[in-house]
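Both complexes below contain subunit A, partnered by subunit B and then by subunit C.
Take a look at the complex of A and B:
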């Protein structure tokens, strides 16, 4: 494999990894300035990547429209929406009423609609997950019931103890488990960062 | 003159770094032998791709939306999870090439597109079918969370993948994508280090990589015995952290606040 496919990315990863990590631990003005510059580079590269992504999206859907393949009429809608947002933004500017209208009256309601699906999916997932099959699912069901009882206003009226049981489940076993996972994940993330900086973790380069 | 800050964090990071380097060195020399426990979610990848091969249906992969525009790889722990997810994608793409299965990736961060492209192309090369690559595999949908989610849900509904991989820094889209995957009958393998999404993934998916398992995925799948040393170093650090927490709890009960003494 040619050197720029492996050695160059590994070298850049090593140098920048050390540089950005050092900036976190050291108070040293020149280092801080260099780190800020490289962070700005990252933002610029990401902005170009956004253009690349938009171009790829347009090309892919244009090809679909030209070939009339699959549900091509959806692609027409997508390309038309993409171009209209870009056109309005370029002509009237991002802070303009015309541009904001698209966000407030088209995008935001659509976003809220997709988000609201969560409520229904939560219910179907909970139904599947809470069927008693093993000891673990039984514990899962009992814990879930305790928290549901704690949050339902009617249970407070029936018996105040539900609040205590629910709070205990949330604050003791749940918090302990979450912190255990968090500590493990944090140590794992540091180890991954060290392997990546040292060029040992090469999954993002397609492995060895 | 440079001054050191965050001394406590630096000490822990330095300890982990030294432990990782020493463990890798010892395993390489043969002084230390490491074994890693079976991780069901990673073992199930072969089965999931095999299922897709038998059913003649594609495989879907996404890392989710966390990280935000411009911050996906530039900063934050979301970037670490994306890098870890690439280890899984590398293996998945290799298997897809080996068994001639169509791979579809939906992405929210445009800056990850070259990363996906390179990882998949090399995976296909390793799997013996580099000609399978085409620009339709990696689909950038939108940098906005729910626009992406709607697009990814539509892709899963239309393409009906036999295997759905949700691995990386997933946010609220985790349950939406997992439920659509369930509805199309896909075997679902997920993984995240975000504790607020893990309950959804555990409930909705067949297999889940929990927290540190995600970060160990690359090493586990590479089957590189030398790199297993770094997993041993992680475990050693965890043991020390547990001892510290236990000792600090006892001391706090006795009225000595160790965290306060250490400046926390």
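Take a look at the complex of A and C:
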């Protein structure tokens, strides 16, 4: 592999990794200023990545439409929707009624419809899966019901204890588990960052 | 009863449980929980001219839960003598909801540029969060409407995380990033208004004192609407939530009765 495909990205990663990490721990004005600039670079790159993603999506689906491959008519819908949103946004602006109409009356109802189907599936799944089969499933069932009862305002008026039990489940076993996961994930992230900065982790270069 | 018949029965009941209470409100009681009250108190106790950032950052998939919170929080903030910085740091959908909410809520005479400002959406998620609290003026050269940020009077003294007195995020994810990149470095008071499914994670930070309070999905929105005495969507949806939860509990009990009945019938196998 030529140097600019391996050594150059590794060097950039090392220098920027050290620089941005140091800014978190040291109070040194020139360092802070440089770190802020590179942070802004990252947001600019991410913004370009959005455009790149849209362009790549359009090209990929346009090819599918031209070749009439697979369910190409879905691609027609995707490209047409994408272009219409971009066109309305560019011509009339994001605050315009036309852009807001697309979002409020087409996109939002579609997303909400798909997401609301979850309620039906969740309830049928709960009916079939939440059974007292073993000690573990009993603990799971009792915990789930305690939290469900806590979240349903009407149950509080039947018996105030539902809220106390639900709160205990969330505050004690849940918090203990969450903290374990969060601290474990954080230590893992630190280890990954150190490996990446030192060039031991090169997956982002393409897995070689 | 066949599984498909029960499934259809559940579908019909859920449909009725959600739609009927919305069309004919039942007026079921609602108690305001402590985390919601803590968010309210955090805003109420801010001294005059404090800086509050409201990060509206969710997509339509979470609109049902987070839109009522957006209206309630914004409505409350506009009644307080504070400076409001609006921004969207994770999802681009926040732009649409922020603009829509600004058209709806009563601004109580607050003037754009002097009392509130909207900086728009910044891509990059964690990079955007970090850049935002490091220096807003280098990240956002202009506000959402194209006015140079240096020409906006209220932004003159608002530059980094040190200048923020309360950060409220209406996020659906990245809770750990908000804590790690925004709250922890500046010891900044932070409130989170999120979907119910994210609450177990948020509660860990709330119990640790890193989050001053949180709003729990539609229920949190409804409680907040009750606190500010301004009913929007949240209170209207609460009856549906109550009835649906009761049906869920009923079916879980029914499922277990059926399970034990079948087991006894088959000789405990």
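FYI, the second predicted complex is superposed on the first by the 152 of 208 C-alpha atoms of A that agree within 3 Å, B and C clash if a C-alpha of one lies under 4 Å from a C-alpha of the other, contacts with A are read in each partner's own complex, and residues count from 1 in each chain.
FYI, a contact is a pair of C-beta atoms (placed from the backbone, for glycine too) under 8 Å apart; a residue touches a chain by one contact, two chains touch by 3 or more.
The structure displayed is predicted, hence computed values, not measured ones.
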Looking at the overlay, what does A:47 touch: subunit B (first), subunit C (second), both, or neither? both
- Message: Once chain A of both complexes is superposed, is A:157 in touch with subunit B (first), subunit C (second), both, or neither?
- Response: second
* To do: In the overlay, answer first, second, both or neither for which of subunit B and subunit C A:132 touches.
  => second
Notebook entry, point to check: Where does A:118 make contact in the superposed view: on subunit B (first), on subunit C (second), on both, or on neither?
Noted result: first
- request: Would you sort A:39 into first (subunit B), second (subunit C), both or neither based on which partner it touches?
  value: both
| said: Tell me the contact category for A:95 with respect to subunit B and subunit C: first, second, both or neither. | reply: second
Is A:104 contacted by the first partner subunit B, the second partner subunit C, both or neither?
second
Task: Mind working out whether A:187 is in touch with subunit B, subunit C, both or neither, as first, second, both or neither?
output: first
Overlap of the subunit B and subunit C interfaces on subunit A comprises residues 24, 39, 42-43, 45-47, 49-50, 107, 110-111, 114-115, 124, 126, 128, 178, 182, 185
In their shared complex, subunit C is touched by residues of subunit A numbered 24, 32, 35-37, 39-40, 42-43, 45-47, 49-50, 94-95, 99-100, 103-104, 107-108, 110-112, 114-116, 119-120, 123-124, 126-128, 130-133, 141, 145, 148-149, 151-157, 163, 170-171, 174-175, 178-179, 182, 185-186
The subunit C residues in contact with subunit A across the complex are 3, 6-7, 10-11, 14, 18, 28-31, 59-64, 93, 95-96, 99-100, 122-125, 127-128, 130-131, 134-135, 138-139, 176, 180, 185, 196, 199-201, 203-204, 207-208, 216, 219, 238, 241-249, 251-252, 254-256, 259-260
Subunit A partner, complex, touching residues on subunit B are 1-6, 9-10, 12-13, 16-17, 20-21, 24, 69-70, 72-75, 77, 80-81, 83-84, 86-91, 94, 107, 109-115, 118-119, 121-123, 125-126, 135-136, 138-141, 143-147, 149-150, 153-154, 158, 172, 175-176, 178-179, 182, 193, 195, 198, 200, 202-204, 210-212, 214-219, 221-222, 224, 227, 230-231, 233-234, 237-238, 241
Per the touch rule above, subunit A residues touching subunit B in the complex are 21, 24-28, 31, 39, 42-43, 45-47, 49-54, 56-57, 59-60, 70-71, 74, 107, 110-111, 114-115, 117-118, 121-122, 124-126, 128-129, 178, 181-185, 187-196, 198, 200-208
